[in-house]
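Have a look at the structure below before the remarks.
First chain written, first letter: the chains are A, B, C and D, and each begins at residue 1.
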């Protein structure tokens, strides 16, 4: 396929606009082949969709995503809606034979993600889930170091992502606190990032012991409030239904152990995101504070001169040179996201359904999220395979549950 | 002006492609008004230009920049050529009544920059010089803190930018080593960044004591070699004509003192860029390693709890929210550059000729560069006003000279 | 008591020598009152003891610690032996009416520590346990900030201490791998540091979910090998009996949650030691990499200028000025330890039995260690009170067990 | 000499007490041979001396340093007085055949230091100057890396030491502002540290261009005020006579260039101390913020995995293991100083007069300080040899002058 036409569902928010931005700019970075165009946008109302279309320079818009899915001018359906719509839209798109690009978390629970992955597999369409961070070239360096055995066998991992945008107990209730829309809180929103990075670097989680909790149980209900915006005085208090904080002990398929901690109420940590991977002969460490730097320790270095070295992303690293001819100049979030979209475009062009992370990959992440939730509720270690098998053998719902301890 | 049509001279390199990328994406970030379009590209040959046009999705191309300058479909001439062409192209564009956006350094020397600033002033066109970094919202925070007096009176500054892309003595001779094309080395290429940041944050330099030198005097001549690419075996050695390293003591107009150090042979420092601004009641520090973080110390904080605090760029800081609704997520180089282009667009739309940094601002930076070069040659403190006055009173060339000590 | 005479049991190793060093130097830092003297040293053999005495400039030595405990010239028995001897020596010293200073971990298990704390309480002697780090003045600043409510209510803690001195699978078997001598591995050796710091800053742990494991199950047996020294070729392999790695989810008495991770096989992390304490209105962070710096975030700072600030230990902080009149000059490990010893000296001089951390405080830490071990074995959350109550109600042994997962 | 008896002149301040502390503790760290004792202390009055003697546990004290110098029980005279007395006391001690240990700066000017070095050389006594920092084992690692050629040829150095203890313009006038006592301000107090570190790592400075200035020209005169202590209301203003800030461009004997910046009015920088050494094939960087860590970049590392590595001081580095068997545990200022004193003790025991840095080494540093001062006054590059030759050929005073710009 040398011409790829995208239909964007959910164009009025930040992430929708970001997709539009990066689709428009693809060719300047990666060249004119294949041609990529944003053909159409859908949003909750015709007015919102029309506004977004105008802002993005797109001719067609609709207030009904089904129209977009049905359009013969759309090859790829790009799903950037709130979480509770991913399942329905993606299944409809797959049924229509469209390729699907979907923002994380893939679904509300593993039953949904199982259905989505199954449908995509049966229909043979290309799918990709937007986890944003792993595509940064610096993580490819990390993956290559691990795969080459340069840190030996992985023994332990520590993954952290903590933010503070809900740390104020008086921050108003928004859709992310509503279980019927968001599915979960920090679990789906943040731990999904950690698990995707872990899957990219090393592989899947085998077993978890989780503690999932709501820290601030009620929040003011403020008409018109959105994240980062308080529209007026509170009219009432509303019970928070999604988790603020997730702590996990984990065991990887390969035998390593690890911890994860994630929060949206981590006062002062505007955006902490970091990992440490410890092996028998070396280690790696990364933090978003130095987005493009990887720390690498090798026990093979000369004694007395060993130490973590800071590898800075540079043109000699695959994927970086398309953006900058100079090291450490500041590859940013949008650059990363453009690489992710390029992955989608190349997979669609080649008809490859196994580009990472497709719906099957994301389903395993969703199973891990559900395992963490179940572990927290039941106060016991839970194997991810237990969740996965339940998806295959039953049609009963398996929710992503948060426990308030 | 609600429709702004840009002609890009020099489209085939990294920076040209970056301009094309960001012009194409303007509207998605900043909205559809005014409309911005890249109308035409020029390059050294028709073939290069046509290739660039195809990659950038632009209809018209030319191998003769004069055709672009003369085109009635071009409102803004965007100069992204090697340094030695800035002067001629910009003067021609101004003469044609075009607005001009020019990459740094503005000119080969202060005589040229004087002529360019004079011409722009007389013709009343909008000019802007691309220094890239100061537009990052985090530096606006720094400027506001200084302007508000929150660090008291500025006492001292330290500005450093050191890179290593020429640290290998065997790296081949490229155009940046050729004085007739580059004008100078680290001085124009790097110290211009430091001076623009200083001018943005605080103001102009009054007097300098510089040491400018070539560290590696000869380099292999390799046919087809470019920066970061070695095409084949060396055929000969060629004398390096531009400076590798610049060290400066300086006095600011306001009485503060400072140091600058810059190098392109700083082995291992892939990209160091940092400043410290010390005042009587507080201080600021920034480093590109944490691109979006400003360190701020206030002596007004409670004793025993004073300390440099890390302010991370966030939606509450002007200019950041247009990109990201989340703090510290990784605003990057291209995002910065898009803000710079937006500054240009808004100035052109409003017909404002005083947006910072216009050619007059950049001329003062060029005078400082020449003062540093003169100081190094003559081994004495040189006042910047001495250079500026020479520009106004004589037509004799004032070069940007590098001394080999 | 204005004259305090110390008898040191275990003088030939690093820590014993450190005690001797700091006892000898007390008066120069803290003044001549009360007078402190090291009267006598005991070690495993008369020869070792005599050598240590000569090195430390002490007149009396013995190969039998019972002689030291019985001596009327000894007021304080200082226990710096391997772990398995703490219980016996301390009980004998208490029975003889001596004050006791004991290195961590206090005991092999909580049954032992219970007996030690009970005996000390009944006899009314002063006890102190050497955890080394919490006495650094920077942590006192942290404790005051928390106690003053300046970070609001504590929501979450993260404590990490990872070292790599056993990361080489071929590092030989030493006494720390022998359960009968060490009791446990990382649990007693390292997690005890984390728990003491947590107790000092905030308080006790209420409930734990632990994962404790041996990573390298066998090690070469090398005659004469010690930590950091390999004496010759391996003669056999020996099974490792103590844990290499400990991961914990925890709940504090006050409602906060947290994680701990500790390891002695963390390749490349020569000495990681760090904590983050997150509150509803602020946060704290510390790392041994910047031993004397505390990071403090206050939500009360002006919006747009909030950020973690680095408070550097300085003369204005209590406890620092006795050492240095200059901030951030490098207070070191031995300085910390000298403050700890001063705490002991002042408590003995005043007859205060409640100086932190006495045997009762250390017993609660030992109960937490045992709870972690039990939790790991039984794969369930364990309340610390469950362990503590078992100590009081039964005479059956409660071991510090490590599980190999 | 197996028994070394020290007489301490200036025992009542911080540094005097530190010497006493470390002399008392020598044997516990380094063993009983040679025996070291502090025999006697002198201070400005008999009362001060007696108090210091009591605090330090020394039997003999005197209010007349000449008595100490004359005592047959003193082998080493340890000079810890204000700067203006170093010259007289050291010359008297040398004349009496005593070895001399003197705190930095060695003298008020290079004429004095020349006389001191000459006298010591003629008399054959051991001399050592206390610069504190270079003896840290981590700098020995740096020196070895440089000496082994592992960073290639040194191209550039950057040395910074900035503190803020005089940043408050209202901080009262103390002896350090009085030229007749202190000789200079930041120049002697701080730049001497930078120059000693540079001399230790690489070698001597050949030529300098300095800018030396007083930032706050007058300070309140407060009866009884001392550094860090304000005793009462100001009674008058007094003109500050010593420099607050020193900025230097420099050329090393070996051809490298560099910068130095030092200040005592660097608001917020409680203690910045850092260096970068750039070579043709590698680089080093160090900062006091991570006192025991050296960053090392080697261009010989594998492409794509190059980066500055953090080498943490550990038992495998010479000089560290005497203190700690564990890496990165926090070697501190006093530990460093103890190594320095050990250097003295071993030199005296062996009768070696060439232990670094003896008076001849320190004289070259003093010449460089004088060259910086002269350069600033005369606004020109000054060769250090020019100052050194003046010392040898004239008896006229060569002062360490600060210029107020």
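Going forward, a contact is a pair of C-beta atoms (placed from the backbone, for glycine too) under 8 Å apart; a residue touches a chain by one contact, two chains touch by 3 or more.
Treat the numbers as computed from the prediction; the structure is a model and nothing was measured.
A.B. asks: With chain centres set to the mean of the C-alpha atoms, which chain is at the far end from chain B?
C.D. replies: It is C.
A.B. asks: Looking only at residue numbers at the chain B/chain C interface, is the share used by both copies over half or under half? Answer same or different.
C.D. replies: Same: most residue numbers at the chain B-chain C interface appear in both copies.
A.B. asks: Cα centroid separation between chain A and chain C, in whole Å?
C.D. replies: From the centre of chain A to the centre of chain C is 41 Å.
A.B. asks: Mind checking the centre-to-centre distance between chain A and chain D? Centres are C-alpha means, answer in whole Å.
C.D. replies: 55
A.B. asks: What residues in chain A touch two or more of the other chains?
C.D. replies: Correct list: 293, 306-308, 312, 314.
A.B. asks: Contact residues on chain A for chain D in the complex?
C.D. replies: 141, 145, 293, 296, 301, 303-312, 314, 316-317
A.B. asks: Give the list of chain C residues in touch with chain D in this complex.
C.D. replies: Within the complex, chain C contacts chain D at residues 14, 17, 20-21, 24-25, 27-29, 31-32, 54-57, 163, 165, 227-228, 270-271, 288-291, 293, 312, 314-315, 323-336.
A.B. asks: Quick one: which bits of chain B touch chain D in the complex? Just the residue numbers, please.
C.D. replies: 151-152, 155-156, 158, 160, 162, 167-169, 209, 211, 213, 215, 245, 247-249, 251, 257-259, 261, 263, 265-269, 276, 278-283, 297, 299, 306-308, 379-381, 405
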